[in-house]
Amino acid sequence: MLFHVEMVVNLPHDMPANVADEIKARERQYAQDLQAQGKWRHLWRIAGSYANVSIFDVENNSELHELISRLPLFPYMDIMVRPLCRHPSSIRDDDR
Amino acid sequence: MLFHVEMVVNLPHDMPANVADEIKARERQYAQDLQAQGKWRHLWRIAGSYANVSIFDVENNSELHELISRLPLFPYMDIMVRPLCRHPSSIRDDDR
Amino acid sequence: MLFHVEMVVNLPHDMPANVADEIKARERQYAQDLQAQGKWRHLWRIAGSYANVSIFDVENNSELHELISRLPLFPYMDIMVRPLCRHPSSIRDDDR
Amino acid sequence: MLFHVEMVVNLPHDMPANVADEIKARERQYAQDLQAQGKWRHLWRIAGSYANVSIFDVENNSELHELISRLPLFPYMDIMVRPLCRHPSSIRDDDR
Amino acid sequence: MLFHVEMVVNLPHDMPANVADEIKARERQYAQDLQAQGKWRHLWRIAGSYANVSIFDVENNSELHELISRLPLFPYMDIMVRPLCRHPSSIRDDDR
Amino acid sequence: MLFHVEMVVNLPHDMPANVADEIKARERQYAQDLQAQGKWRHLWRIAGSYANVSIFDVENNSELHELISRLPLFPYMDIMVRPLCRHPSSIRDDDR
Amino acid sequence: MLFHVEMVVNLPHDMPANVADEIKARERQYAQDLQAQGKWRHLWRIAGSYANVSIFDVENNSELHELISRLPLFPYMDIMVRPLCRHPSSIRDDDR
Amino acid sequence: MLFHVEMVVNLPHDMPANVADEIKARERQYAQDLQAQGKWRHLWRIAGSYANVSIFDVENNSELHELISRLPLFPYMDIMVRPLCRHPSSIRDDDR
Amino acid sequence: MLFHVEMVVNLPHDMPANVADEIKARERQYAQDLQAQGKWRHLWRIAGSYANVSIFDVENNSELHELISRLPLFPYMDIMVRPLCRHPSSIRDDDR
Amino acid sequence: MLFHVEMVVNLPHDMPANVADEIKARERQYAQDLQAQGKWRHLWRIAGSYANVSIFDVENNSELHELISRLPLFPYMDIMVRPLCRHPSSIRDDDR
């Protein structure tokens, strides 16, 4: 089941660089693990901003929340979630 | 080159059903042609609304505008475009 | 799986009363059928407005879209969907 | 009498972890007490965000304010309240 | 129990003057009846706009909705409702 | 002359409790003095939020500004002012 | 007593030209009369839009509403009113 | 003197095609004349929408308004104007 | 050439009082100098808020920016600028 | 390929002046280098605000993001990007 997720990162300006770097490194590892598992299907940068558009592929709403709320950057992001489904004009039965 | 495109359809309530049906049929054919050509990479319905989220894969801004402005539903849609690029945490070199 | 759905009705002022009445009657029947099936778990009026807050209980995003898009009033409503899940402070395992 | 309440939590990033934990523990206890009393009828997490949608069942506006303003997280939340009433298409006389 | 109600009137420009006059006459009579009953405690014009701010005094949310939804201008108004209660700094126990 | 005033309080989270208490105590005294003088005609809490809706009764715009800008909480509030006048459907000549 | 008034004109596209011209001619006459009386102190066009910024000089809120609501274009305008008073850094005692 | 102007076109859906075509043809001619005169310095399409971003080079605010308000599409556009000036980091003294 | 300028002041709550007072004193002197020169034609307080509406009379956009960006409170204000010109219904040729 | 980029600068009020100056000096140098290379085609100040409107001329979305995200002020700016293309009424084939 697919969800469209937008994330905008707002790190506090007074966060020490080494703290920010450590959080970003964990975020990267976590994001790559979820991608490798097929849970985080797509991850794109929105050009010109510290933000991404993502497609998650999960069992249900609970798994979606669990995955997102464990993001190391979760406390520092504005996140918008929208449920997706197959579009009747899609040429694919299962577009992921 | 990828672009994130959201389209919200607002058909006038007084459009005759046969006119609307004819436009929708052309829209469907057009959308499927672009998908077959690989120009319209993903097309998802936003659950609960008459709207979609799409990923276009085009040569440049001009081609993007040309493809979108030829949509039969173009005069009846609110359309938002955002340029995408590779995310540094993506596990793919070319995530389409 | 629960979804929070808000619906605001905007009937065109020039819709003939008998047309509006017929659509509303079908909407009512449809809503009551879905409630009887347990798909439409809660349906509340927002006091002072022609709008409702609803809780849907569906298998997945696709079923949610299918149920909502078949609403007789669907072309005349602004609809906002948000996925819900269990709150960690809830005293119920399965609050529906 | 039912009210629809949305709460979005915005803890200051510089709040010490032990202070935050203590507030959250009190919040949890308070929320569970109100649920046990039937005052806080439903409590759902909005998937992907640090926010909830709740249904309160109170005697009047004053009791609603009293219950909400005593939330330990009250100073750190954006809260939106909307009064609910029975929907004419509900199949229940008293949907709580 | 008090509610703060704002109403903004948007009559369609193509409504015939005699139809508009008839609706406004009924609205006026209805508003004055509710004021006489004490249900519609205050009714003020917002200077410079076709809008009002009102204070309703009702038994509960249901009565509020019933009174508002029967307004002859109801289909032509944007209405915003907010529940009120006693302010701790008020010098009155029952400020109506 | 009546004005509709909404005030939303946003105290900084790092304000020491005793400083906040002192400001609130002065605010309360000031608000009660103005009410006793008849300048601050109504003061209601908006249920569920740290905000109020008020009706001021003043000689002119200057007096309104003078009264509001002297509020001890003035630097910490979002304030919206709207001028009121008699509504043609009011049953009172001088509804205060 | 001064008020800052912004007016944005939205004439319906299907209004016959002669009807629009007649309304505009009356609006112009009315605006010039009020300017000659000193009630409408300033009237500026916002460059690039069918809108104006105005300063009214009236006895009270009621007179302001009376003058504005009699504008021939009143049913076709979005109007925003804000009360003004002397600025403490003004070099004039009575800046009109 | 430069101004940044955004124009979004909203043609009524019920405008006959020949009327729309005639207005667009006049708009095109007018736009090209102003470009040839150097008054309309830049004219770009915003990809994916029926909108443009333009740079006008005029003597003053009055000329700007005169040029914009004579656009054949003026009654059908949302227009936003912002004054520009030299940026201190520009490498050009007169960037047009 | 006239510009309509709105300024909303947002001083940081942790700015020491003597620093704020010094900035405000310089702001006042600067504003009065510009008024004396005729550059800052009108300066009004918006009743009930720490904000002003102003009319500037300058040679061009560059002078406007220069005057505004030198305001001692510039870093602490939200500022909105709109170009003005003569309104065709004005009774004055040069309304300043 | 052209992009329209707006940048609004929000420096934290507690940033030491020498830190801010150093960042601004690097920003200026970087901006001038990109202009000299023809990547940053236009750079205008929006009169009255600490913001600019820019036109970038890049190979693709990735280059745009790379150039923008390396701006020394990037962490302190709100940035909005819109893709541009040739307008059909432009008199230039390649308006840069």
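Labels A, B, C, D, E, F, G, H, I and J are assigned to the chains in the order they are written; within every chain, residues are numbered from 1.
In this section, a contact is a pair of C-beta atoms (placed from the backbone, for glycine too) under 8 Å apart; a residue touches a chain by one contact, two chains touch by 3 or more.
Predicted, not measured: the structure shown is a model, and the values here were computed from it.
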| item | value |
| --- | --- |
| Subunit D reached from subunit B - shortest hop count over touching chains | 2 |
| Euclidean distance of C-alpha centroids - subunit B vs subunit C, Å | 27 |
| Subunit G and subunit I: spacing of chain centres that average the CA atoms, whole Å | 22 |
| Rounded Å distance between subunit E and subunit J, as computed from the means of their C-alpha atoms | 50 |
| Centroid distance [mean C-alpha coordinates] between subunit H and subunit F, Å | 45 |
| Residues of subunit D whose C-beta touches two or more other chains | 2-3, 14, 45, 47-48, 61-62, 64-65, 81-86 |
| Graph class of chain-chain contacts, one of line, ring, star, complete, other | other |
| Pairs of chains in contact (touch as defined earlier), listed by label | A-B, A-C, A-D, A-J, B-C, B-H, B-J, C-D, C-E, D-E, D-F, E-F, E-G, F-G, F-I, G-H, G-I, H-I, H-J, I-J |
| Residue numbers on subunit D that touch subunit C, as the complex places them | 2, 4, 27-28, 31-32, 35-36, 42-48, 52-53, 82-92, 95 |
| Subunit A-facing residues of subunit D, complex | 11, 13-14, 45, 47-50 |
| Touching residues on subunit J, where the partner in the complex is subunit B | 1-3, 60-62, 64-65, 81-86 |
| In the complex, subunit J residues that touch subunit A | 3, 5, 12, 14-15, 61-62, 64-65, 68-69, 74-76, 79-81 |
